[in-house]
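Below, chain A partners chain B and then partners chain C, in two separate complexes.
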Partner chain A sequence: MKTIILSTAIRLLTPLFQVFSIYILLRGHNHPGGGFIGGLIGAIAFVFDTLANGHESTEKTFFTLKVYQQPRKSGISYLQHYLQFIRMNIQRKKEAGQLDVQQQYCIQLRPVYLMALGLFIATISGTISLLLQQPFMTSQWPEFHIPVLGSPGTPLLFDLGVYLLVMGIILKIVFTLAKE
Partner chain B sequence: MIFIVLAGFITSFLAPLLYRLLGRYVYVPMVLLPLAIFVCLCSFLPEVLAGQYVQQEYVWVSSLNINLQFYLDGLALFFALLISGFGTLVMLYAKGYLDDHPLLGRFYLYLTLFMTAMLGLVMSDNIFSLFVFWELTSISSYLLIGFKHKNETSRTSAWQALLVTGGGGLALMGGLILLGIGNNSYTLSDILVNNGFISHNLYLPALILILLGCFTKSAQFPFHFWLPNAMEAPTPVSAYLHSATMVKAGIYLLARLSPLLGGSEVWQYTLLLVGGVTAVMGALLALQKTDVKAILAYTTISALGLLVTMIGLNSELALEGMLVFLLAHALYKGTLFMVAGAVDHSTGTREVQELYGLGRQMKPVAIAATLAGLSMAGLLPFLGFIGKELLYEAALEDPAKELLAFAVTFIAGSVFACIATLVGYRLFWSKSTNSSPVKHAPGAMLYLPPLLLGTAGLAFGLWPELLATPILHRAAQSITGNTELLLELTLWHGFTLVLGLSLLTLLVGLLLYRFLPRLHQFAPALEAIYTYGPNNLYHKGIAGFLNSSRKFIGWLQNGYLRSYVATIVLTFSGLVLYTTFRNKPELALAEYASLLKNTELYEIIIMILMVAGLIFLMNTRSRLTSIVVMGLVGYSAALFYILFGAPDVAATQLLIETLTVVIFVLLLHKLPAFTYLSHVGHKYKYIFVSVIFGATMTYVLLFTQQHAVGSPLKDYYGQASYLEAHGRNIVNVILVDFRGLDTLGEITVLAIAALGIVGLLRLNPEKGGKR
Partner chain C sequence: MSQHLLVLLPLLLPLYGAILCLPFWKRSLPQQWVAGCTQVCWMASAAMLIYEVTTTGIVKTQIGNWPAPYGITMVADIFSALMIGASTIVGFAVYLFSLRGLNESRKTYGYYPMLLLLQMGISGVCLTGDIFNLYVWFEVLLISCFTLLALGGTKAQLEGTIKYVTINMLASGLLLTGIGMVYSLTGSLNLAELGRLVRQPGSDLSLVNIASIFFLIGFGIKSAIFPLFFWLPASYHTPPIAISAFIAGLLTKVGIYTLIRLFTLVFIMDRNFILPLLLVLSGLTMVVGVLGAASQTDFRKILSFHIVSQIGYMLMGLAINTPLAIAGSVFFILHNILVKTNLFLISGVVAQRHKTFALKKLGGEYLKNPFLAILFLLSALSLAGIPPFSGFWGKFMLAKAGLLNENYSIVATSLAVSLITIFSMTKIWNEAFLKPKPDNNGSEKEVVTSEEKQASRYLLVPVVLLAGIILFIGLYAEPVISLSIRAAEQLKNTDLYINAVLNR
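Our next item is the complex of A and B:
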């Protein structure tokens, strides 16, 4: 199913889908939406990308971060070295050609990590109330407001956990299926 | 007392670590622990001997009455001293027996764990903690029997012991809870003061369950078969668990509960009958065996039966006799087991027909064996003699049960005398040329513990007033609850009837010994009986159970998704239809008929689309087409949700449909070409199942709408979700806030299911993966 039109369109649309899915996640508390639906939308966007471009491409584009590193030269302070390190990674395209292959590191975000992170966040959102000596999963609402979000309470954190988990599960299954 | 138990648990789990640190010297701390516990327990002696008791309580779940309560009176202290004192010797002996075994640390872990559990068991005052310790002894016994885990018989025996004693443990828990309900208290010392329980409704069920637990633990007929098989364990374990302590747990509990449960006829006759049968059967079986450990195991069963019989007699004299015999038995039987282990260790065989006259090569062991043998046979200056005298006195006391009790005691006593001669005399002192050679003389750690124990049997017999009377006196008092009861042990009673009976027993025993070789020749002829014995029945039962469950699983979990779905759907519909058929609720269909008039055109169009799609689906032969049509049906359903005002559900439905289609498409090219392999009739079968399910669901929906339950929940959620949970979308607020814990559970299940699916996908049987 590799057509240029589809793959180009999908490549452009996927970030848009992601923004939309986060929007759905955030509005869930007051309007139709929520973590489950948002996670499904986000996952479907990546699944379409997998259909159009293959799963290697999806994983490489959206779930892998390349980090370039240089050994610290003598005569350069640690601060300077790390500043250089950060700059190098932000302006990566210009300097990538000059670097050795050995000095590249890949940070890959696997769907299983998404699942684990989601479950972790959802559980943590419940334990916050334990610290305040209230029963498990008593929702906490901070006083301040953030312009778009409203008051970010622990239910939102819980929803975020559901979102990540659902996305991780679907991606894991689809990637495994596509691999064979 | 909590410190004793805690120290035991902590040290036991440190044992493997200590082994790594200290190597073979790990035995030093492991021997010191029971010794320290013994000394610590001795510090309670003055208080308990003065007729008082010690009580300690640590509240845990007080609303359920599950607390850690300890109670130390005469009986508990007697048992605790026996366990810790014996434990010290066994720990030392285990080092001599296992020597450089690579898993010595683990062995000490299990053994110490067992000792602690057993101490906890006898000191527990709360029935739940009693049960926990009880099961812990079963589990540690399982681990110890299976210590030689590379041996298949070891594993089978361990499993058998766990199943039998664990099953009995469950029955015991039921019985104890009934006891607690009936007496309105879960503290043993409170329960025991209550006298009227015998006439309570719950008495009989509680009694039966508790007896089941005690009989399985104490290897009473017909549950005795696990004990001889448990001899697969290393000999220190057999000496400690399966002769001196663990098997006496049932006896302990029976004795402890006898003031509460005893006195009824059911109690008396059950105990008399079961104990009597066990004692006689164990004695007769012991005569037929030629393996020293098996002989000792069967005499242990016989002795346990005798103890149960004595509890069943329910007189004060019988209880006293029971206690003295219990102590004497623990002393001599432990010694003999250790002797058997030492002989096994140095000659490599346990067959009595190959062992003669070993006395010269292993003198200390031989002396220990002789001392124990004399006590077992019931000769004059030994504790065994006093025990037997008391047993006879108790047996002859009650004319109604005289014959049965006397016969049991007499048969068991004669066989004990015979076995004692065999083990204490023939093994070591008889002269014969065809004996197995002694490969190496046993070390000090192998002969010191039995020698000490054997000497203890003599010392207790020589000075009973001094050593045994005080504690046994208080123990007897705490069993009967009678504080004026006097227990005085003396060695010499004068020339009485009982003394004559004792002598007769000895004579019969010697006669039996004379004809023992002939009995051994007869033994194989009796094998046919054992095919229907409890042991074989057990194995057949287990095999049958495994077989039938395998068949059942094969039938239920056949690997066809369609039959899983059909089973679930049919079960559900069947249950719903059964309930409606039984209750015959009214459903006014006429009301709904009038609603049909309001149907809009677009609803009819979607409806027609769906029905047409479904009919097409049933006749199509292309997978892609069926998937697309299924998607069409799903999207139409989502449209319905939108039309009837459920945007959340509709959104979820749309997304799930999309994903289903995508996943199907991903899988599509891997499937073989679409062909009908099965009969056409199958198709109609599944159509029929679907129609039934659809009809049931429609009926349930119509019905629930007509009989809506007025509930304040809807209003409550409507208000609280905005005021308290700060959200206007009730569905979502319920999901993430009100029922957040449910959602947390669901997403956990989802994650686990996803991992399972990935695991299944990765198996890939075609490429040589595991199926």
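Our next item is the complex of A and C:
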């Protein structure tokens, strides 16, 4: 289904959805809201994009990172080589045509990686207190404050994990359904 | 090591293992390594837990540092630690079997993470001290079991899975109703607090007894007790052995574990109603299960019906309800987890060679592979309860407790059922091992490549491991029996559990 209205609107709305989902995620740690609903809202943007442009386009635009690689030249140390590698990848659009022999490969962020990362962060947030000789999932609050957020404790970490997990699961379901 | 970490390690290790498997989606080799390391660590953590529980008594941790009746408590007493110990051994054996005994596509599409999540669920059920949390862990079991049973998506598997899930969803609904009733009656979900409230003088027990029936039916479905067992033989024989061996060995026993926990701790056994009901149910479960087994001609189906029959023995201990009887139940559960898994694994080894489970088409194993035949004989005799093997001690304790408590009819039933168990095991022995292999189509010659030969030799490793443990428990039963007697004393003396959890 390709409509101009939807695909134009979604291009404008995607950043809005993203920012709002992060707002909900952060707000949730003292007020109603949180990781679950934030993850859902964050996934909406990609779901709409899939509806408008198809899942291949969504995966290509948002979840694929193209990496250019150059073989190391003989006179250059490893450090210089990696610095050059990073610089090349940051300014790739300008230089992509000019640079000589390049290998180009894609790093794809699959939804299942998001799920794994989310689960891992959520579990880690509970385990931190175990390592401090306290019961599992006891909230830990650091001393310092971040201006808008307040003190970022382990519940925020847990919410972040849930956020990623929910987003990964929704994307997995949507991409699978879109492929069918 | 702090108590908090000790109690939660058996639960957290499989979870971390499953999470670490996920980045290697569709690549089986790294998943195998992660799962293998997790299984070994899981065994070590269970061993530490058993050591701690037997030396210092009940250990517990309050999740999130919320005090006992309000937060979720994780408790380990001897019974739960022993359950986790047995399931880690079985988990390791099934993991070893899966390395060669499961096809590549199932391995790459999530066998290892789901197996680990299933193991996490088992640890959760055994450790939790909160009745709603218990329900959640059973849902974890149900979901991962559902995925494992359907993994691969063959027609027979899907059919079995649908039956399994439908009936278990119904059971979960009944459990939830029961939990709701208990909560509205007492205002608490903590098992220890419930046990305390129910034992208070002047509390109204009639409604609690009605609520207990919901739990009896719910867990009755999950552990395949007599009128509610029909889903089990219909679904357990469909998936590959590396899946069904673990599920068959453990899941129904986890249901029985919960029944024993709830009916010793929370629900006071009514001498006029619940005890006789349990007694009748256990007798019928034994008889119907074993008769079903006697009428089957498929290796796995016979074993599936035997699960039902053995559940009757475990329930018998609860129904007689003396410390010795419950100790018998505990011992029987431990022994049965090992033996049942081993028999399933052996059926897998046999089927790997013959590509079928139908007894009619099997044969000649004794001549070709006498070692496997001996391993089967050992497990089968242990299941039937012949003296030097582990099953004998469980049945002996149960029968002795029954005689002491003057429940003569159930003892007679259990002994008669043992005879029929031997009969149906003899059937497998005769058909699969002793009789010559029937020629199918006359000309088809069996071609065993050297690779297959090596694979089937490798498949024997977990079988030998389990058979060794069974033999060890049978010949040197003293430590396990004394542990189960201590577990039963802890179960009967509910004040220990209540005081440990509520910090009184």
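In the analysis below, the second predicted complex is superposed on the first by the 175 of 180 C-alpha atoms of A that agree within 3 Å, B and C clash if a C-alpha of one lies under 4 Å from a C-alpha of the other, contacts with A are read in each partner's own complex, and residues count from 1 in each chain.
As a working rule, contacts are C-beta pairs under 8 Å (C-beta built on N, C-alpha and C of every residue); 3 or more make two chains touch, one makes a residue touch a chain.
Just so we're clear, the structure is a prediction, and the values are computed from it rather than from any experiment.
Superposition of the two structures on chain A leads chain B and chain C into a clash. In the superposition on chain A, A:35 makes contact with chain B only, not with chain C. In the superposition on chain A, contact of A:123 is made with both chain B and chain C. Looking at the shared chain after the overlay, A:115 reaches both chain B and chain C. Of the two partner chains placed by the overlay, only chain C lies in contact with A:134; chain B stays clear of it. When the two complexes are overlaid on their common chain A, residue A:158 makes contact with chain B while staying clear of chain C.
After overlaying the two complexes on the shared chain, residue contacts for A:91 are found with neither chain B nor chain C. When the two complexes are overlaid, the chain among chain B and chain C that reaches more residues of chain A is B.
Put simply, of the chain B stretches 1-9, 109-117 or 415-423, the part that bumps into chain C is 109-117. Comparing the two complexes, residues 112, 115-116, 119, 123, 136-137, 139 of chain A contact chain B in one case and chain C in the other.
Listed in rising order, the residues of chain B touching chain A in the complex are 647-648, 651-652, 655-656, 658-659, 662-663, 665-667, 670, 725-729, 731-733, 735-737, 740-741, 743-744, 747-748, 750-751, 754-755, 757-758, 761-762, 764. Within the complex, the chain C residues that touch chain A are 2, 4-5, 8, 12, 15-16, 19, 22-23, 25, 61-65, 74. The touching residues of chain A, counted against chain C in their complex, run 110, 112-113, 115-116, 119-120, 123, 127, 129-130, 133-139. Looking at the complex, you find that chain A touches chain B at residues 28-37, 40-41, 43-44, 47-48, 51, 112, 115-116, 118-119, 122-123, 126, 136-137, 139, 141, 150-151, 153, 155, 158-159, 161-162, 165-166, 168-170, 172-174, 176-178, 180.
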